[in-house]
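Next come two complexes, and both contain subunit A; in the first it sits with subunit B, in the second with subunit C.
On to the complex of A and B.
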């Protein structure tokens, strides 16, 4: 019984809205996550010390490290909703297409990561004295592309580890090595947008990010069904 | 109680494993047909060589002690777990080849609530109704049907009985032609058991109940299958279920254990 693309698109929208509704109902958790990301930024600034030049130069790296480290908590929680009381079984038996489930959940995760980045960005600019020297729209594009890059493999690996006892350790252990190209491109592009881009290198890094996104959204969309059925 | 005629026979296989069959004598494909079904976890067989045919509209009780393989059998029939051997057909659809077709025709009420803990009962029903493509206009009325008052609190604050009632509301929402119920009376007080019993007897379509509360569950069914250590050991009319269970386990469970 193959589902039509219209039905799959409708299901993606329903999974997305369901995940956002859950996060809204449990918004204290989102607030705690934002506080965690901001605490990481503060820790970075204390660890580096009062060297303003170093802080400014590496502001993009601190922003993305803060997002990456916080993302594992967010991603793990998004799958914990599904497995803690067997809701995933209800979705599978509804039946919801595995592709719809993946794209709906990954989009919800990407949206929350973008929101987290939007919360973390002003403190980065203020704390590290790193004003934006290029177009904010280009920074927005980098942030969205970077968050999409984290969300796709993150959702897959969160599903893979959701039922394991040591999931909180295994998720970052599996995910972070995979995200190295995404981290590199996001940090480089963000740093160039903050410090100025006289050589017009941002587009190349953004292109790398988009290629990473395309690759992982395709592969993970195909693999997700196998992961949740196993 | 359903009055669809069903022929029942039980016979030992060549290896001595009981093969149970509740063969349909009505037209159309049976609701469930299991052929040579077996499932193992590592080196342990949860159940083996189960051949089962349940007619559309029939009500079957699968009874057995803890660990007899009832829950795993229901999960395999529901397509949540693939079988290690054998095949399942749901209303003529091969569950292995076309799981979506099988899933669209069944609902499993299992030990886990299958709900979102951070959402209220009404929110859960609204979310499920959208996912099922069956818009729910009035979740409060559906909650009232299972004896639940609308509450804004999340499901994680609900008692076991309230969760079970909410699970039943989700079942009524899907209204599938095949309902699989795994220990529907677990964690319920006598009043809750009575209410759940009334709701189950009002279900339409084919119903398979797995329970070790034999007396209570047998009242809801036409036929019974006794599982022991992963094999089907007896099957016959539900009216004789308590007798068969007592003969095997030596425990009188006529009052359903609850």
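On to the complex of A and C.
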């Protein structure tokens, strides 16, 4: 039965609020995830050494690597509690559009990733002495677009690997190569916003990010139904 | 294997023979009869190996995408086997491509590897399709394996156009698109012969693997899946445990 767009939008909202409520009730998990991201930032600086110039130059890369590496834990967890309690089977049987399920869950994951980036950004600026030289609004746009880029394929692959025994290994193995254009564009745009953008290149990288988002939010929305039915 | 059991020649053997013959003729022409490249000299003759591998690899991945869509659409084991066979040949060609590129890069660019967009995107696509093959080996249930690996193959294929257009979208050390208008006329025949050779060889290899895989996958898909809880009912240490997900 085809559902009307209004119903699908309402279902997206319901799935989104359900997932955010679950995460809010398990706040300690989110706190642990933020601590993990901060630990990664420290590890990068230890690995590179106390070279202030290098750390400042690559501050954007450290920020996004910590978000990407933390994201697999977040994404896997978002599907784990659906599978463990059999909730996903119930959701599949319920009159909910698979697309609504995908967009609701992916938006919830994207929202949490944006929050994680907001927590990780001040330490990046402080630890690596990388002040923002361009508009914070443009950085916010890059962060949101980058997190949306991680969330769409991440949610699909988290669902795809959720019932497999080697899911902890498979999720990053499948997801990270796919995210290379997203990582590249996010890091380049963030680094330019931190170091200055005299050649106005940020918009081109932001455009690439938005194209990536559009492509993967469309494809993953189409394929998600087949994944959860399998 | 089905081909050896029946003992007869099949279409894939014909494709393999045709591919090898075209490759041999193309490479002999490229190595001994075509003139040396103006800037690189004899080093440039690797062109007749590297460029056909790249073209054939793109086609093999495109075939894999087509088989994945067909597998999702029909749910048939024959397309599932073709997805695995073409992904394997695609990965093989891709690895060859990166190796040949490194051999060529050393005398011309001075390094075996550089983080050039064409090289990087090619390496990423290799890892993406390796992921598809790994995924297939850790899913024991045939129907789930068909669906999930086909979806992973569709997503992996998104990287292939990025590889193709990378020389246009980014500043790159790699040469831009090649066409009969961009190379000397004497290069065209050996290039075409080698390119068709690699394509027929790839098609033959896919055919061989497809035939070897198809019968097993058809049998798997015809057998209903065991209940997921069944292995858990076995006593500890009991022989004959499920192989589910045991590969990793």
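Just so it is clear, the second predicted complex is superposed on the first by the 230 of 230 C-alpha atoms of A that agree within 3 Å, B and C clash if a C-alpha of one lies under 4 Å from a C-alpha of the other, contacts with A are read in each partner's own complex, and residues count from 1 in each chain.
By definition in this document, a contact is a pair of C-beta atoms (placed from the backbone, for glycine too) under 8 Å apart; a residue touches a chain by one contact, two chains touch by 3 or more.
Just so we're clear, the structure is a prediction, and the values are computed from it rather than from any experiment.
Touching A:3 in the superposition: subunit B (first), subunit C (second), both, neither?
first
Of the partners subunit B and subunit C, which touch A:215 in the superposed model: first, second, both, neither?
The second partner, subunit C, only.
Is A:166 touching anything from subunit B or subunit C once the two structures are fitted on A? First, second, both or neither.
In the superposition, A:166 touches subunit C alone.
If you stack the two complexes on chain A, which partner ends up touching A:122: first (subunit B), second (subunit C), both, or neither?
A:122: touches no partner chain.
Go through the superposed model and pick first if A:87 touches only subunit B, second if only subunit C, both, or neither.
Only subunit B; A:87 stays clear of subunit C.
Let me test your reading of the model: by the given contact rule, A:226 touches which partner, first (subunit B), second (subunit C), both or neither?
Touch status of A:226: second partner only.
Please identify the positions on subunit A that touch both subunit B and subunit C, taking each partner from its own complex.
229
Across the complex, what residues on subunit A touch subunit B?
Within the complex, subunit A contacts subunit B at residues 1-3, 7, 10-11, 14-15, 17-18, 21-22, 25-26, 81, 84-87, 89-97, 229.
Can you list the residues on subunit B that touch subunit A in the complex?
So the residues of subunit B in touch with subunit A come to 78-80, 82, 93, 98-101, 103-104, 106-108, 110-120, 123, 127-128, 130-133, 154-155, 170, 174.
Would you mind writing out the residues of subunit A in touch with subunit C in their complex?
Of all residues in subunit A, those touching subunit C are 153, 156, 160, 163-166, 169-170, 173-174, 177-178, 180-181, 215-216, 219-220, 223, 226-227, 229-230.
Quick one: which bits of subunit C touch subunit A in the complex? Just the residue numbers, please.
Spelled out, the residues of subunit C in touch with subunit A are 72, 120-121, 124, 127-128, 131, 134-135, 138-139, 143-144, 147-148, 151-152, 154-156, 158-159, 162, 244-245, 247-248.
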